[in-house]
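Attaching a single structure in structure tokens format; questions to follow.
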Amino acid sequence: TELLEGEDDPLADADVPDEPVESGLQTFTEGAPSVLGVQARYGAETAVRRINENDGIAGRQMNLDVVEESDAYLTNYQQFVDDGKDVTFGPISSSGHAEMVPEIEAQEVINVSTDGTVTTLYEEDFPDVTYSFRFQNHDVMEALAAVEQAVEVLGADSIDTYAGINPNYAFGQDEMELFSAGIEQLTGAEEVYSGFPDLGTGDMSTHITEVNSEAPDVVFSSCWGGDATLLLEQGHANDMFDAIDVLVGPVLYGSANDLSEDLVRGPIYSGSRNFYWGEPSTDRWSPAADLVDEVQSEYGVVPTAHFMSGYGAVTAWATAAEKAVRLLGRWPEQEELAMVLENHGFFTPAGYHTIGADHQGYSNAHFGELTWSDEHDAAALANVNVFAAKNVSPPPGEISADWIGSW
Amino acid sequence: MLEHVLNGLYYGSVLFMIASGMTIIFGVLGILNLAHGELYALGAFCAFSIVGFFAGQVAAPTGPVTAIVFALVVLAGSLAAAAVLLPVGGALEATFVRPIYDRDEVYQLLLTYGLLLVLTDVMKFVWGPSPVDVGVFSGINEIPTTELVGFSYPSYNVLVILIGVAVFGWLVWFFDRTKTGRIVRATAINREMSTAIGVSTDRMFTLVFAIGAFFAGFGGAMVSIGPGSASLGMGLRWLVLSFVVIVIGGLGSLRGAFVGALLVGVSSRIVTPYFPQLELAVPFLLMVLVLLVRPEGLYGTWGEIQ
Amino acid sequence: MSRFLVDRDGETRVRLSEGMELTKTQSVLAVVGLVVLFAVPDITRLTGLSFQAIHRGILFGLAAVGLNLLLRHTELVSFGHAAFFGVGAYGAAVLASHFEVSSGLLLLLGGVLAATTIAVLIGYFVSGYLDIYFALLTLAFNQVLYAFVLQSGYFNYSDGLSVRPDGLNPPTLFGLQWTSTGYDLILYYFTVVVLVGSLLVMWKLVNSPFGRALDAIGQDRTRARFVGIPVEKYVWIAFVISGIYGGLAGGLFALLQLHVSPDPTLYAFVSGEILFMAILGGFGTLVGPVVGGVVLVYLLIQAPFYVEYYNAVTGLVLIGVVLFLPEGILGSVPKIGTGLARRRRDPGLLRDDIAAIGSSIRRGVTRAVTTVRIIVFGVN
Amino acid sequence: MSTLGPGSDAGPGGSDPLLEVSNLTATVEGFEVTHGIDLEVNEGEAVALVGRNGAGKTSTFRSIMGLTPVANGSIRLRGEELLDMRPERIPKRGIGYQPESRDLFTGMTVEENFRLPVWTAGKARGIEDEDAVVEDVFDLFDELEERRDAEVQNLSGGQGKMTAIGRALALRPDLLILDEPLEGLAPVVVENVKSYIREIIDRDISVLIAESNASHVPEIVDRMYVIERGEIVDSGDPEALSSDEEIQMLMQGGGE
Amino acid sequence: MLEARDLRKEFGELRATDDVSLTFGETAGEMVFIVGPNGAGKTTLINLLTGLLEPDQGSVVVHGEENGTPVEEDITEMAPEDRVKQGLVRSFQIVHVFEEMTVRENLRVAVLSRHGKTLSMRSVDDGHEGVEREIDHLLAQFRLEDVQHEVAETLPHGDRKLLDVAMSFGLDPTYLLLDEPTAGVATREKEYVIETIVEASEADGVTTVTIEHDMDLVKEYADRLVVLHEGAVFREGDPSLLETDSELRRVLLGVDE
């Protein structure tokens, strides 16, 4: 299989049950947040499909059930456990993930979250967990990559003012706070406006008007999904891109499939999470090289970062399981598998990832200029910068805020 | 400041289109239609399909003239999309709502909530679970209204404000000046006596529900061809905001709905930049304030509702 | 007659206490209900039903019982009961995460007190309003509260607060630290006891002169005033009582979920759901709202596991109840009972039923088709 | 000819009664409120239905208008069964109805209250000149002329009653049904309304009146029925019946 | 003694109550009848006295006695329910009863309220003996025993009216303001109503103020007559005015002499 090559295969003799691995994913399957969730689902399904086509995990096939996370994270997880799942994935929601962690520890069935980006979750709230993981790179990374990108494009000296337009919930507030800390540390720039439109709003013009009148050098936005499209549409309509120097938005690219050619014009930069297109180079590793075509023909969309969240969460667990079988000569217990997952390194088409000792994922961050790809009829990134994991996320065990302060 | 006011008028106009349908249905039928937000969402989805098709027939605008043609095509498309809501609204009224007019009003709430859920899944079945966007917004903005306003401002917003005023004008004209409109009002005031002078109240109610659905759908089309997109569940927020608007304005009052919508729109857009934390709460605070001062809303009543 | 049996209207009734009597059928149903409630953990283990979903449903049902005091008696539709549910939950969560209170009962008490305070405040403003104005005013207060919590760092924005006083373990119950499963079970039985107690209190309440006064207010405010009932004050009291029920349910919810965030507890749609539970279960009955709570929560949470179009399934169930069970689920039981009895005696009626349903569907479809034809083609 | 005369489809006027109610049993919320009512109104005739409160007068009228469900019996207008008809067709067939409580279209002007029936049923009644019909009503009730643009909720009790009658007349009915047109009016007003009703009858419109106070009846109608507990107990010449002792006893329970 | 001082109420242009000053119950147990054409302002006056409406001008005053010295209390601002507690009780022209309760339950609410027991948590079915006995008495007084278990909304109009008046009696009034208590009540029952009113005023010293259109009743029972016309007091005095005052006869009865 792809996962292992070599003659004397310890897996062949391993004591592994015949029945397939059962897994469950909870994610946003409909409505506005499905821009993220459907991609995560495609990613997870693609990973499962690839695993099964390649003789499964140590020979075991894998089944995946998907359920809408709505606001029933805990009940969903419990239902999965009751149904006898070997592992669960998701959710996307940050509060949902925070709510689940203790329950996961109590139920002792591994969950690998696809997103669930609460900054402090594994740093402060649950520094010492066993069964709960987050594939997603430390979310500090996206805000800081945006800082680095802004500095890269404009130069630290020419950034005097910045503003933010972020969705009005914990994620948006966290991101803005991190971005502010980072950019003030690096450039000494001053915040001139920070607005928080409602999540899923139909109109951001008031914030854009305000940004226009302040004309900051950099605008940061963690808007995603429909909010990202809306921001770009109204930004263009109100000539925001004439008033500002750059817009950096780590999650804008998540709407790659919904943006049109005219929307991506202008000094707009995005990327960050596990970006895999053109960078890291895909030409020599077929799982990466085939991915975009496979996804386009299977689902009619290009994969985005959240696709990789789903893909990566499944792959992290599956590769670790196979590693454990190889080590133990049998199928691991939950606890053993959890131990293997710590400090586990593995490849996805987005590059090399590790799950840190703090249970969250680390990998390089990528940021580039939003452009249009005629080939894929979707938005793409150009001139991608790569920021090493250690430059955009604190080392395991350190508190982000302290670490940024030490820049 | 002027720009913030314009933003508020734009927002208020969209709000009015949705709330007007709700206020009509409530004023005449006495039904608080919880599925109204879904009718609005349905309009947005229909606009995606129909406007998308229409816009595909004409070239993307290259200059002012073609932009105006383009805008007209899009407008025609959104009217066609909203027109889909006429039979949908009528059929919903005839099949589900009509049997329960005489029941306790709380059952109407439960029934329309059930309809809300079913409609959501109908849209999921037809358009899939993910948001869709026609993307004609920038095309319409090629119309050079910017010079007219005197500063850079999206033509689309101006267009929506004009349409909002036109819709209000049309509704007032229809209900105050046309015979059909007066008959509808009479039906609202006294159902039995309307029957006794030869009004088919069943048909009037169906018509009113259909008109209400039409304007919800038109509002949805405006949002979907605008910067927003059509997504499942998009109706919920607007449903609640429509409540707020019609209560501020006074139940069953069209003028109230108009003033209420603009008030909510403008106040929230003016307050937001200075007190960003209040964006979500402004409409509700406004409503509480209005009701504490004028318990019956800004304008009296219209129709049989006291 | 013994102390527990009385004769009234030619029927022997079970007497629980002064003024609380059950007919024979009611007693049987009550006993069966209690047994089922206590057996839920075992039933769910055997049948694969979701224990958590039922527990959650009971809690929302408890909130709906409180709301029903307003709905059934003062005839006021509250669209804002999530305010109390949410504040009850947040009250417990704040004590646990900011003050590290570890006793579950103290957390619950804190939640109830917080909810009561909020109910006193909101009730002061809304008790003079009627109909939809009351409904939407309660909704507005609810949303203002929601917006406030969502914006507030103290409540940790949309991420919400954990109800684990030491950060990892659930609060203690009855002075003991339980394992996860033990905790769930103990909390469940505690919930059942609270529920039964709350129902008895509510029963007592609505059959007291105060309950009658609320009925009077609901049926004719002017008359109520002119028999000397201070209408606003009594509505206010009823509002607070129903808020306490909401707070109690919310506090228990916090203990169950061990994490409280705004959307599932404080958002206006939660208010709507609590209202719909009461109607669905039968708002003319005492226990109906609990049944409605369990049914609706179960549908909302579990349907996604079985069908893709789970919203439609829930929606169709609700529409079906409205059209075919005119008094809600529990409220229609007596009618169904007599209907069934008649059909057992005369199976021919069944054929009529089927014919009736068939023709009502046909009529509906014909009506809809005609309507569409009129609208589309302008002709009849 | 006055535009207020009977509509164009007035039948040949043979021996068939204009309105024939037979064996009518009406139900309100499951309760039978009338039991086998039989009554007739002939072309050009004025008939009264007299009985005390709760006797079933209003229920009978509402049944004729299709507003109260009928369990049994038949209601024929010129031989055509009204029970098979949707209620809104009944006014179009030529019955104008003034309900017991005023039930005007509040928020609208007097004139609009007169125009509405023309809009809804004018075509069926063969009305070509809307304005002429409306002016004719105002001619009849010339007190209303100056209140033409007043919204009806601001009218006095007497003016309101007149507006309600006028609204029924604007249909150009063949049969006018008046439910207690004199009730609750001051004695002065009563006299005025009585003379209007006589004027209407002079225009060849048949009239069916409900009254709970028998003393007014002989001055207005040709024939009367006495209704008691949902049943017709007597009928005949109003003068004779009104002076009948037993009937008087029965009627004393009547309202003010 | 209940006093209206310069009461005025305007509805837009219309002055429904035009500076009315009246006193009721100077002699305890007085029976006053208020008459006047439709729209004269009779109901409005009662609404002002009982607090259903707020006057634009003027005041409502209750005169009493404390330790032998006369005291007066201005109750213009007092809430209706508190006026009821002071013994100022009314019935309604348009019937107001608790539609979904039975006759007995309707009366029970009134009697419980009078006893100040509406906040009690004791079951209504048990242990309010005194209350039930009072209800029985009221039922007998108004001949409502036969329908005591009927739901109010299904009652014939006359019985509903009786129930409305009976509830007012159940409140143990000092001043009883009755708005057309006999309108729509059949002849036989009309007499019960009037007799009950007479009984109350004679035996319990209740001051009654009754709006009435039936002049025969007025002539027979009134101690004093108040005629309202266009909002103002037109005549006040002995019921014989109805025979002697030709101006009054013209306005009220439309009799030109």
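Every chain is named by a letter (A, B, C, D and E) in the order it is written, and numbering of its residues begins at 1.
As a convention for this text, a residue touches a chain if its C-beta (ideal position, glycine included) is under 8 Å from a C-beta of that chain, and two chains touch if they have at least 3 such contacts.
All values derive from a computational prediction rather than experimental measurement.
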On the document's contact criterion, could you list the chains that touch chain D and likewise touch chain E? none
One chain pair leads in contact pairs, namely B-C
Quick one: point me to the chain whose Cα centre is farthest from that of chain C. D
Centre to centre, using CA atoms, which chain is the farthest one from chain B? E
Report the inter-chain centroid distance for chain C and chain E in whole angstrom, where each centroid is the mean of the CA atoms. 43
Could you tell me the distance, in whole angstrom, between the mean C-alpha positions of chain B and chain E? 50
Overlap residues in chain C, where contacts from two or more other chains coincide: 150-151, 310
Pairwise touch list, complete, is A-B, A-C, B-C, B-D, C-E, D-E
Quick check on the complex: what are the chain E residues that touch chain D? 37-39, 154, 156-158, 183-184, 186-188, 213-214, 253-255
Provide the residue numbers of chain D that touch chain E in the complex, in ascending order. 29, 31, 52-54, 156-158, 184-189, 191, 252-253, 255-256
Give every residue of chain C touching chain E within the complex, in rising order. 18-21, 204-205, 207-213, 215-216, 219-220, 222-231, 234
Interfacial residue positions of chain B with respect to chain A in the complex: 3-4, 7-8, 10-11, 14, 124, 129-131, 133, 135, 137-138, 141, 152-154, 156-157, 223, 226-229, 231-234, 237-238, 269, 272-273, 276-277, 279-280
Residue numbers on chain D that touch chain B, as the complex places them: 65-67, 86-92, 97, 99, 103-108, 112, 115-117, 119-121, 124, 167, 171
